[in-house]
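For clarity, chains are labelled A, B, C and D in written order, and residue numbers in each chain start from 1.
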Amino acid sequence: MSNLLGLEVKKIVETTPEEVETVKNWINTEEYKEKNFARQALVINPAHACQPLGAQLVAHGFEGTLPFVHGSQGCASYYRSTLNRHFREPAPAVSDAMSEDGAVFGGQNNLHEGLENAVALYKPKMIAVFTSCMPEVIGDDLTAFIKNAKQKSVVPKELQIPYANTPSFNGTHIHGYDSMLVSILQTLTEGKQIEGRCTGKLNLIPGCDFNTGDYREYKRILKEFGVPYTILADIGDTFDSPCDGTYNIYAGGTKLDDAADSINGKATIAIGPYSTPKTFNWVKDNYSGKHVSMPMPMGIEKTDAFIMKVAELFGKEVPASLKNERGRAVDAVTDSHQYMHGKKFAVYGDPDYLTGYVSFLLEMGARPHHILCSRGSKKLEKELQALLDGSMYGKDCKIYMNKDLWHLRSLIMTDPVEAIIGDTHGKFAARDAGIPLFRFGFPVFDRVNKHRYPIIGYQGVVNMVTEICNKFIDIKDETCEDRYFEMMR
Amino acid sequence: MSNLLGLEVKKIVETTPEEVETVKNWINTEEYKEKNFARQALVINPAHACQPLGAQLVAHGFEGTLPFVHGSQGCASYYRSTLNRHFREPAPAVSDAMSEDGAVFGGQNNLHEGLENAVALYKPKMIAVFTSCMPEVIGDDLTAFIKNAKQKSVVPKELQIPYANTPSFNGTHIHGYDSMLVSILQTLTEGKQIEGRCTGKLNLIPGCDFNTGDYREYKRILKEFGVPYTILADIGDTFDSPCDGTYNIYAGGTKLDDAADSINGKATIAIGPYSTPKTFNWVKDNYSGKHVSMPMPMGIEKTDAFIMKVAELFGKEVPASLKNERGRAVDAVTDSHQYMHGKKFAVYGDPDYLTGYVSFLLEMGARPHHILCSRGSKKLEKELQALLDGSMYGKDCKIYMNKDLWHLRSLIMTDPVEAIIGDTHGKFAARDAGIPLFRFGFPVFDRVNKHRYPIIGYQGVVNMVTEICNKFIDIKDETCEDRYFEMMR
Amino acid sequence: MSDKIRKIEGITKESTQAMIDDALAAYPEKGRKKRAPHLAPNDAASGCASVKSNKKTVPGVMSARGCAYAGAKGVVWGPIRDMVHVSHGPVGCGWYSWGTRRNLMSGITGVNNFAMQFTSDFQEKDIVYGGDKKLAVLLREAKELFPLAKGISVLSECPVGLIGDDINSVAKASSKELDIPIIPCNCEGFRGVSQSLGHHISNDTIRDYIIETREFAEPSSPYDIALIGDYNIGGDVWSAKSLLEEIGLNVKSVWTGDGELEKIAATHTVKLNLIHCYRSMNYMCKVMEEKYGIPWLEFNFFGPTKIRESLRAIGARFDQTIQDKVEMTIAKYEPIMQAIIDEYKPRLDGKKVMLLVGGLRPRHTIGAYEDLGMDCVGSGYEFAHTDDYDRTAPEMPEATVVYDDPSEYEFEKFAHALKPDLIGSGIKEKYVFQKMGIPFRQMHSWDYSGPYHGYNGFEIFARDVDMAVNSPTWKLVKAPF
Amino acid sequence: MSDKIRKIEGITKESTQAMIDDALAAYPEKGRKKRAPHLAPNDAASGCASVKSNKKTVPGVMSARGCAYAGAKGVVWGPIRDMVHVSHGPVGCGWYSWGTRRNLMSGITGVNNFAMQFTSDFQEKDIVYGGDKKLAVLLREAKELFPLAKGISVLSECPVGLIGDDINSVAKASSKELDIPIIPCNCEGFRGVSQSLGHHISNDTIRDYIIETREFAEPSSPYDIALIGDYNIGGDVWSAKSLLEEIGLNVKSVWTGDGELEKIAATHTVKLNLIHCYRSMNYMCKVMEEKYGIPWLEFNFFGPTKIRESLRAIGARFDQTIQDKVEMTIAKYEPIMQAIIDEYKPRLDGKKVMLLVGGLRPRHTIGAYEDLGMDCVGSGYEFAHTDDYDRTAPEMPEATVVYDDPSEYEFEKFAHALKPDLIGSGIKEKYVFQKMGIPFRQMHSWDYSGPYHGYNGFEIFARDVDMAVNSPTWKLVKAPF
């Protein structure tokens, strides 16, 4: 026996079609669901990525900023390819390619050589360093490493190199987003606070939002208001840049000066409390002006809250154009409520998206029957339950924290719903259950331009209502008997 | 035998399933197609309405204007319900309910009583009168009738009552649009031309366009240009008004003063040459400033032409924002060309929509294989053929003038294509052929909000590319074997 | 229900009349005089019409009425599935009525059902030189391209009657030539006051050209009936028919929902005509009673109360076997209906509904709303006649407003005054009232839902009414800023 | 083709070297010194590598390389359909590689194929206290929830190797306890220089834990072969396998596209190993040759020219029956291929393509491009070794640039200089070059198309290349204002 397992040589025994059929049915049963939910160690089809991906998203949101992964080169390629596939856009980022020797001696040499080469080749205005597993496990001291790099003038003194510890073994990409954002703001605003100075601007922190359409929508709303603004971590152009014959490695992002001056802003709204807690707490203690943390403005009511907060913070009337826009969104909602009323949905995604989906569905009289977050918290569960309790359509809806999409599959196969709101990863469960999947979350690899159509704001409501209702009508047209196939829907 | 037919009483003979099966297959054959195309008298499933519907659309495009059907009440209810179903919006219009006595004595009494009641109840700023079959057949003299109404002070002297002869037995709704528009402009601008006065504005005539999103898109583009404008026949708000608890019978439309002053405009662009020939010719002879007739700006190239014409007419650079927007549309197009390349389409609709569809498809490398207009012209055929000749993808595409959707059914059942671009009426042929239908035209009764998403301009390109590509991918996901069902598309 | 007279708190003859006068105030003298007799408080006890009706539409007031062609092609002929219905004249009328009435049909479109848009597409030259020659060619083409069609109808649009064409003789000649029934119907839109004349002309055309030209192949039975005046809106016929069959009756033919020409032609052999829409088909019921001695019975399949009454009334016309089945059927469905009422009534009790539909439903559906605890605070018809309004008086609560062919102006004024929780009317009214934040259900087309007839219909009706009235979306209408 | 040395007009050793030097100019001293040996003009005649390779990635230059875990899980283990592949460590690595490589699989997901994302989802406490206990529990859960799995692989991510876990012993114990093969693979991402070490570790793991643990049930035949190094991207294995079967061979097992563990385990009994991707699987070919005397043959199924050469080379290893079938198959497909070439070559003749893919395709696909008349003006690998570059020299035209693990900076500079009509590389490069208006095809994932292997693959490849190069959308890139 030449293999280490010491197993005797067996004849190949093919699995029989009957066995396949039995198991195929078994995995849809209540019994299987119990076993599945009894899992303690194995995670199957989780619906979140790891911290550094969120950090890279933030880095892409600043002018001339090069994301720099201190750790294995494989991580950088994985974060880049994920963002390429979601946005269908370039996602330039470098790593300092730590390997075995880094495990022994630490990553300082890699970092220094990496910084030197990156500056030479890509001439960044800022380098945002964040860590993948290796340096976190071996405990690299990045503060020191970066200080030494400047001392050894590996990089120009004045080059700003914020860094964040983004260990993959706790939290998800939204926590990496938070850590990197607060570090960048701390670095850029250092020494920039001027007593009595007020930029008169709103600092808007969109939170860990992978929809470029949302960034454009925030800007359009603020322009209608006549409120000057700085978006902090603006990927609206970086990941939706023109194709005009030239490649611009830094295609957008918040101007560094604006970010620096943001500490003197009139007010700061941090959208998405679950992906900006650290940032918001630091801003509250360090930024002048008022500070508000608000949920993602998905649905009419949450958009109203956002609009009214901007009006309140800047002492402005809500402009007629936005009132009108609200009326048109409510018109779309009342005109098509019959296509969504009472329909059961399974929804999963990042916490800030989830509170948005649930509010939107309840507003429409639809029922978020299974609500699942693969990395949730008590706080999130309480907030979601409060939303459910506030509507008769929330009655027999249930919340599942820290469950994965294989759990979700058991749920929808044993307690069927009419559709899933999530991202590309939900397509397997949706196909098994024979129901449509609405790709409002992240990542979306298998459709085009989903990230260009906002899901926040009044226009976001119209976009979601249109996609959901028209898909339900498509299905009716495609599956009804001939005698029920008709002109009117 | 008590019936007039003199037929002897027969036993009921049910059609046999075999007979049904035979005929079911027969109507998909080449032989049937020949018979079908040999039709001289019977029209089946035509893809156009009659003139007065277009006239009513124009009337809704002017501030405080009440559409007034001189003829049978049934017509008004039909035009109103058609517009209600397409826009899911109110469509207030009155008729003077001509009936048998009208046939004998003419419709003057009806007209006068109708005008009096309409003014009293609905207090219009203008009444746009147009005719359905009866007055056209019996030859009512509306000029005289309206003059007499004013003389008998049935209506206030100063109330403007433009009218148009819109006989249903020639042309289609786009010709009614033209007649009513030119009549309204003639009425409003009468005596308003002032030597040397220039409003500095662009008069934009959108043509017979049933997409409210397009009107908003034209306005947004002109606002980005900083070019002041007057949209002539602006239904953008009339048929997309807010739901805020109050019903406003006149919810939008071009301000009458603006329309009056438009004769002194800096330039006039008439979009859609097939639905505005009379209007454009009259404008050319009577309006100051420059005059241009252009096709509907569907697709990148036709939008470029429109943008450059506005720039040229107003001596302005194309703003960076629009250049950027163009780049993002080209980005969407190049990023998803693989989902449309080489795909065969059947397209039908109004002439101005058709030239737009064909340009857009050829630009994408797709093939407008069957091009059908149920009321086309030699001129249209030549223009479409020129588009086809300008691209290798136009090679074996064919144009069918004055054919109906039952002809189209024969075409796609004998010479299959992958999709249809048209309107709700194409759903029966699409279902028989098992292919998707893209509802970019008019009317759309069986989906929601299609008219809110522009199909003109750069954003129109992104909207059409997104809907078409994502539907093709939907079909691939829904029909592929399990082993080809995958994350990436 | 219809025996006890209900009252609505706050609604008296005086309050209703004041509301009416307020609406009429805006009219010019002549208009007000014409309209006044058509608006009145309901006199529940009188059992007779409180308003005038079936009068010429007042010009310029924005009436909801359609025309004779709409009554003929839209209501009566369109639903007959195995005929080619030719809209004879310009392209518009057929195009506007193509598939918009939701009279669903079995079969394969273009093969053995013809839910399509056939027209002679009149051009100028047809107006000038007449359309008869074109009609003859067209009939030949229709026969050739649709061999399984059992007949062809030629439905005149306005110009045909004005240019002196003679479609009757063309139909006669072509019918012989093509050996297929070709039915001319002179339903020019300018004739009469509303859709109603179109129904009447069509009933006469069935009398003159169709009835008694066919016989059923199978032997007749004592339980043979015909379902008259059900047009299969959203599948109503399929629901009503299955219920009638459940109580043991043979529904030999349906006028005209999912209708078959030959079965309509053989209806003179049934034992009883059951008529749902009295307005559109009472004519032929009377003809069949006179000529063939077939009794007819009006019935109402909206809501468990009316269904129970109707089933028992129908049962009374037959023997014990049928009556036993009636009781068994009622016993079987009533618990299901009660469960529906228990689920929805708590959220609908005491809510107010206003109705404006065509010729039947403004009275016929009130029972179903009341089964859900709702009150009808106003109703009226587009094209009813006095006999309809007579039947309406007992169905509506005392002193509630009755409006015949109301203008949009009047309907809006009444809605502002009465503040209904739901309005049931048509597509032309839907978005006017939804803009005001008033929930609305289309009661012509069941708002693309249905069926609403029969027991399974009530389940769908109740769900839809609750959805409309209690949709949380209405709470969004008032902006918080 | 590979014998005759091709030249590209305007490309000389000097011009290429100048281009390289210009790119290197931007580097700091140390970076330039490290990079220079990895960029060189091709020496077609020499038949040996013109560049250094398989060296540590230079930090900070934006290399396209992945890591050892990607080579193990992504390339070798992932495609095996009937095993549960556990990404052992934090959630990221498994999530980023979930379904993104397009190694398609037969069977029903979650039942008898496991194209899913299994992970131990390491948290802080697993780093601090070790993950071995958790692994044991996890393996039990996997066995229970997926009874039809033929085996479980445990693929280490970075932390596992750093915290001293002993997955080998856990695997051994659990394998006995659960009576199922559990294969530990120490492919921590920080090991080695690229994906390549991941392939190597995985080959060793197959050697140590899998090969020779199974036997085929059916008797062996002289025509038994194994298809090595085909990962069924977009269905490549299904296309290659059908072609090999058409020439009479029995494809007993596939390494590892749509792979089955037990068949891989029984591969030691085949007569010949046919290897497509030399880089990732040459290790086990050598092992099987040494231990079981199985000869192996590199072959190339890209494009008719290479397919013909390969089929004949394969045929030569077998008897006349096979060789006759080879000739028959070539005769059958070549006309079809010629028709494809006739359709697309006119629009592709003389067009220039630049390639940057993983470890095989930068040389292996050149033949297919040349069959369409295109010229390769530059190529290079992410993680090839010297023996790959030796094989590349004869495939590329004289003096064209060869780049080993090029940075995005270098690749952009070369593209600007060479102005290719098409670039074939990966998702990280695609949109960079499309922004420049340069047509692009992903040559890792076939841009979600494929298969590209074999005769039916060439048809799809040719259509896609023509679509990309000649899409009219590129004409829109330059704005007219």
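Simple rule for what comes next: contacts are C-beta pairs under 8 Å (C-beta built on N, C-alpha and C of every residue); 3 or more make two chains touch, one makes a residue touch a chain.
Everything quoted here is computed from the prediction, not taken from an experiment.
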Give me the fewest steps it takes to get from subunit C to subunit D if each step has to go to a chain it touches.
2
Chain pair showing more contacts of the two, A-C and A-D
A-D
Looking at CA centres, what chain is most distant from subunit B?
D
What whole-number Å value describes the gap between the mean CA coordinates of subunit B and subunit D?
53
What is the distance, in whole Å, between the centres of subunit B and subunit C, each centre taken as the mean of its C-alpha atoms?
31
Where in subunit B do residues touch two or more of the other chains?
85, 88-89, 241, 243-244, 323, 326-327, 330-331, 334-335, 425, 428, 445, 487-489
Touching two or more other chains - residues of subunit C
98, 100, 107-109, 431, 434-435, 477, 479
Using the contact definition from the top, classify how the chains connect: line, ring, star, complete or other.
other
In contact (per the touch rule at the top): chain pairs:
A-B, A-C, A-D, B-C, B-D
Would you mind writing out the residues of subunit A in touch with subunit C in their complex?
300-301, 304, 307-308, 311, 318, 323, 326-327, 330-331, 333-335, 337-338, 341-342, 362-365, 391, 393, 482-484, 486-489
Please output the residues of subunit A touching subunit B within their complex, sorted ascending.
85, 88, 240-244, 323-324, 326-328, 330-332, 334-336, 339, 424-425, 427-428, 431, 445-449, 452-453, 462, 465-466, 469-470, 473, 477, 485, 487-489
Residue positions on subunit C within touch of subunit A in the complex are 98-100, 102, 104-109, 235, 258, 431, 434-435, 445, 447-449, 463-464, 467-468, 470-474, 476-477, 479-481
In their complex, what parts of subunit B are in touch with subunit C?
1-5, 7, 9-15, 19-20, 23-24, 27, 32, 35-36, 39-46, 48-50, 52-53, 68, 71-75, 77-82, 84-85, 88-100, 102-103, 110-111, 113-118, 120-122, 132-134, 137-138, 167-170, 172, 241, 243-248, 406, 409, 425, 428, 432, 445
Note: in the complex, subunit D contacts subunit A through residues 26-28, 30-31, 56-70, 82, 86, 89-93, 95-98, 100, 107-112, 116-124, 126-127, 134-135, 137-138, 141-142, 144-145, 147-148, 157-159, 161-163, 172, 175, 181, 189-195, 208-217, 262-263, 265-266, 291, 407-409, 412, 426-428, 430-437, 477-479
